[in-house]
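The structure's right below; bear with me while I get my questions together.
Letters A, B, C, D, E and F mark the chains as written, and numbering starts fresh at 1 in each.
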Amino acid sequence: MSEFNTDLPSIRKVQSYTKDKNAVAIKLLTNDILEGTILWQDPNCLCLQDQNNQQILIGRHAIAFIRPK
Amino acid sequence: MSEFNTDLPSIRKVQSYTKDKNAVAIKLLTNDILEGTILWQDPNCLCLQDQNNQQILIGRHAIAFIRPK
Amino acid sequence: MSEFNTDLPSIRKVQSYTKDKNAVAIKLLTNDILEGTILWQDPNCLCLQDQNNQQILIGRHAIAFIRPK
Amino acid sequence: MSEFNTDLPSIRKVQSYTKDKNAVAIKLLTNDILEGTILWQDPNCLCLQDQNNQQILIGRHAIAFIRPK
Amino acid sequence: MSEFNTDLPSIRKVQSYTKDKNAVAIKLLTNDILEGTILWQDPNCLCLQDQNNQQILIGRHAIAFIRPK
Amino acid sequence: MSEFNTDLPSIRKVQSYTKDKNAVAIKLLTNDILEGTILWQDPNCLCLQDQNNQQILIGRHAIAFIRPK
């Protein structure tokens, strides 16, 4: 992550997914697709709660893309 | 992304795709090819609107190349 | 790892896994899944103790995600 | 890209390919091989014109190697 | 490698493998597993001596994990 | 590449391969193995001359390891 600046649209978009508890799908560089709601984000990671209510700590560098589920 | 400087030709090229709503294909390091129009870019991500009008938040580090569709 | 700041939720989450000796599963970009308890973390690596009590030094850049086992 | 310094031999080599319109093959981390002539380079990307005259914007981080075609 | 600081436990762990000539297995992002003893480390690389006494210069960024053999 | 400092053993090792025109094998993250002699190195790339005397510009970030051939 080169910049964790909350003015950036990419950070704000994840913030809105988090606030609105939108269901998202996160595609990783491993080709895993993780589904759930984003609990929080920081400069290094996103924390996703999946359908089993498990919290998954995802490295930003490993994320290919995020889309609404 | 080492530099997000809007004087750079690579940033300007994505800006022109965005302004002109050109249809593009984005090849990712996962070998996914995402097609659509670029809504915006920032130092960390591009936001692509696909043919289902879904907004896909793509990490720059995960992009191999972008070409016109 | 862009930031090793112990105020960050992602660092604190790994600290709590470590302190509580939670069993975790760590998915790597190689698609390996390593299971065990986290002994410590630093800006570059995590040290995991597996079920054979072997200590595995994992590069942060190679971690896709961490979840409870 | 750690350094975009035009004194570096790697930057100069790409500049000479560009100036002389040499046909090159670019192998990506996705295992794609893109062939064409390099139009320009900047700290983040190379722009390649392929045999269909399409301009392909390639992320430097995604390039494994470049060789003459 | 974000930090090459010999106070870090991850650097010290590799130093101890080196000093004690422990046999280690190094898993790379290519899924290669290289076995041998670590001769030295620096901010960019580790140098491993394999069972044929060949010295292999390994990029830190390519290492997924290191474990005792 | 975090540091291009010619005091580092990893830089000096590549310098000695270059000076002595040692035949080396370079394993890439793509799983390609490129063989030849190293002509030069800079902070971003190595230039390898293969058995067809072709010069291959290799991104350091794409190199998993280098060993004598």
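Please note the rule applied: a residue touches a chain if its C-beta (ideal position, glycine included) is under 8 Å from a C-beta of that chain, and two chains touch if they have at least 3 such contacts.
The structure displayed is predicted, hence computed values, not measured ones.
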{"item": "Neighbouring chains shared between chain C and chain E, ordered by label", "value": "none"}
{"item": "Minimal step count in the chain contact network, chain B to chain D", "value": "1"}
{"item": "Centre-of-Cα separation between chain F and chain B, whole angstrom", "value": "32"}
{"item": "Whole-Å gap separating chain A and chain B, where each centre is the average of the chain's CA atoms", "value": "18"}
{"item": "Chain B residues counted as touching two or more neighbouring chains", "value": "1-2, 28-29, 61"}
{"item": "Going round from chain A, first to chain C: chain order", "value": "A, C, E, F, D, B"}
{"item": "Residues of chain D touching chain B in the complex", "value": "1-2, 4, 28-30, 32, 34, 40, 42-45, 47, 54-59, 61-62"}
{"item": "Footprint of chain F on chain D - complex, ascending", "value": "1-3, 8-11, 13-14, 27-29, 31, 60-61, 63-68"}
